[in-house]
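Got a structure here, written out as structure tokens. Questions coming.
Chain IDs A, B, C and D follow the sequence of writing; residue 1 opens each chain.
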């Protein structure tokens, strides 16, 4: 039985508590938060969970196996480090830390302590992303040529991070889960429209050694929520729309190829899509439930997680590079 | 009565001939094309139109008032220059020329000859773009903060130009028709996936003196056709989807503003759009028909056209700069 | 403080318990169910709620004010009658009973006992239905000419009732909440495709004294879930799509009128909608939460509920008549 | 070479002339219409076609092989009969005649004269309907259980026929092309909302000897154009949306079957569709072009057409029965 302590019961905390409570082989033993009000709300629902405003109580409890850190990004490093030093396994919210340097230190500490260090890249555990990863790794799509994502939100500002760290973190975690090749350079552009606030709209291009190109459009100030990806392969292509209820993942039976047959060219000119389309039924299980089971399993069997510290670090490096590039209006930043 | 001669009867030619035939105050007198087959097809439908494989016959005919150039881009400059020198008004397909230098020369020649020089930025004449231009210029949207466009096609390669010159030309012509501020710098990224072929996917950011940012995603190798724009203003925002049959232009009654009211924030978190939405009925008249009438009117009254040589030049300058930036992976190129 | 007892913890029970637990002025004191497993699940989530497999314990408890009956339809009458006779206010799941005779008896008993009798027509409390009721009652739509609904499900059979009682019950409750005129006759057709099972597809027309016509298509065996209504008025028309995330209710600024202007006729021929469209932002509060608050308020102030016994009876009468008509392949059944 | 004479150059006439002009082995020789204006418009576009205001000139011309009748329904019988009697092959617009009696007479006359009698059920020649017919006849869908169609228009009234004759004619022609079993009885309901005008909204159920049920919703006064069909089979199901540009025909890999597996039931409860989905690429050739080639071929080889007189008659019988049933509010009308 994995006993879990959760630090932070804000926006995401309730989802973490609910899912880790329901995951087999696991129980939420304690939750800390600075707000007594939030702890009271929790207590009404989960009378058996201990609550505290002092996270160190949690770390000090020898019965705690796994500490989940669901606090603002700027506190991730300090809290995760203390938890590792207290001999706990740790699950950190995304993005893992505010610098890649901090991420490296956490990884080193976890290795030294022989503890698991997880990062909560939740999207990786959705039915849709797992299906796409399966399709790409099976070779069905052929060589992957581009990965394009649009992720725009409705006027919701974060004040401690910019839109890159808030939204592109999802795209980067999905990208690296689906495609094994690592990016070598970044060019990004971004702007802030609200005085003294971080950048609220950004465009990020990732370059690779191969001819793969990846691009993310992230925006906090859109009139409609969009979550859309195009993945183009030499044999097939994918459209993934996470807002779509019934057909999240569509696979088009047509790759990135030149049409030379005149009839086919005419069809492409007047048509709105190319090739037959297939939309597999996607598992509807809540991603965080899949993730909780996987992490408990990793702890119990000492297995490598799908979303461990290295995955967190790779994402943070790209976020750093993209922010740096954007502040120099697109200057190419190499990822050494 | 404006008598029209058309050079080039390929993909777009038939649309030009049909619309200029039907426009009041105007008739298509002659068409030239290198292919006798195409001319036969034309002749079967329009027995009264003279046909020739030698465009110089057209230019030599004193009865021709307006010469339309619908040939590959690389020939635009030469043909337009000869037509102007022959004393004709000229309508050139977009993009106007392959360099801004050529565009400037054509503008100078037209001024010298006191002839009209038009560029066929067809989209500008659609009901949707006219409605958006009206909304922006009325101040209804407030200050414009971003202009984002996605324009992706189904595997249709041009061999003489890259995807920027083929597709972003539309976005640039729409942008400059809707927004009066001119861009000052460009950062673009692009890649080619087919050996020895021009770039087939590109991402272009335009910077302005104000905090406006514009971005275009253009792609020849997508599984689905997309024609979608987001325009964000400080008071209202627009979503324009040209593929959508019944609601091309949607106006959201919510500007680029921070939500501070907690209930509103909750609504934004769980919702999929912000503010009431209004979709005005859009005029369905074919754009080329509107354009033909407007150009005839400009010729007859000597008025300034909506899409004259200067408009063509501004677009070509951005295309040049974007291509240059993309070939250096995002390096900022100033538009002097 | 209204203390609530819930009989039945199957599909809908968890939603009832959650919402009545969270409604102010109200607490869920006890739940009964025949399955000890379900009660254990409940207990894990709500340790403070008493559980029992004998519903009579609930009725016998003088502390219970309101009894909610969320059991199969065939048991509604017996349980509701016993609860009323035990001096409780009662909320019955929809449809209220299996016959209009039973509904009448419950209404009489509630009146005699001076207790509230509610029926759980949940849809009536959604933001979308409240908005439509407001639009219709304000006269904005003009005279209402038709009300058309399609409600189709994915292969989910009920075994104790047919598709009319399972799905059309929603349409009838929405209809009567939006439109005050009552239907006078019914013609329905239906069929069963699975041996020894109730009808799984049905089409129901309701006639009114005015020229209003209402029609419901209900189907258990569809490939896609559909929840769509058209409401046609002499001044404006509504499209309500409950599956749609961002634009559930669309109002078209064009009533049921003959187009006589030739240009307008041409527009209608080539267009895909008529008039400007407006999609108001809809309140996203969960319907059952709105309902719980309303019912608690009715109990405390003795007010008339939006969905009381008479509303339940009117729906049951139509369900009876539709089933009778369908079994004689469309024979007109008058609603006296 | 089949020489064609067209009677009537109103709404549909221009499409007929264009397509029969372009079909190989066929030419439009003459067109008659009562309006000299319309004939002038035609003449401007097709200078080689003879025009007349007297249709008898057309019939008298021995060079005419095929007469196309594209006039109001009430004149179809008289004109088609005269054309057959003049020894011509005949293509009649749909619906074929105003009574089944008249249709029978035309069929008899055509047989006597050994001439082809075609009816213009255009939809039958679309890529979408051909694909569905192929899927059903191959047995891929299993036994067909229901056929449901919604076809609603934007305020466009016909004055000589009601909405059943105007719109349900399409559904009936598609139904009989896809499904070989013939209906045995009809129950329909309808209403008129504009004084002294024919019924503008109607609901029609067709019964069959098997457990197949068909239903059509037709409506002239809707805010949005809808063209949607559901076809439910024991093995697979189809959704056909003719307004949809890129995915007109979707096939769901799930038949009309009871879910008994609890996990599957849960999936159906929270999901929005059942089974994998496949959207084959549909041929985009204009239906009337396919039809013209087919009819020319039937004339030249004496073959049986896909849409001959018998097909026209079967449709007219259902239209008659549906109108009769609707005028008695759903009374069952047997199709002997």
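Everything that follows uses one rule, which is that contacts are C-beta pairs under 8 Å (C-beta built on N, C-alpha and C of every residue); 3 or more make two chains touch, one makes a residue touch a chain.
This one's a predicted model, so the numbers in the text were calculated from it and none came from an experiment.
Visitor: For chain C and chain D, which third chains touch each of them?
Guide: Correct list: A, B.
Visitor: Could you work out which chain's C-alpha centre is the most distant one from the centre of chain D?
Guide: Centre of mass proxy via C-alpha means gives A as farthest from chain D.
Visitor: Report the inter-centroid distance (CA atoms only) between chain A and chain B in whole Å.
Guide: Averaging C-alpha atoms per chain gives centres 38 Å apart.
Visitor: Chain A to chain D: how many Å between their CA centres?
Guide: Taking the average C-alpha coordinate of chain A and of chain D, the gap between them is 52 Å.
Visitor: Can you pull out the residues of chain C that are in contact with at least two other chains?
Guide: In chain C, residues 224-225, 243, 245-246, 271-275, 277 touch at least two other chains, as defined above.
Visitor: Which of the residues in chain D come into contact with chain B in the complex?
Guide: 45, 47-48, 224-225, 243, 245-246
Visitor: Can you check the complex and tell me which residues of chain D touch chain A?
Guide: Against chain A, the touching part of chain D is residues 245-247, 267, 270-281, 284.
Visitor: Please name which positions on chain B make contact with chain A in the complex.
Guide: So the residues of chain B in touch with chain A come to 11, 145-146, 148, 150, 152-157, 185, 187, 189, 191-194, 197, 201, 203, 205, 207, 211, 213, 215, 217, 219, 221-225, 230, 232, 237-239, 243, 250, 252, 254, 256-259, 265, 268-269, 271-275, 277, 325, 328-332.
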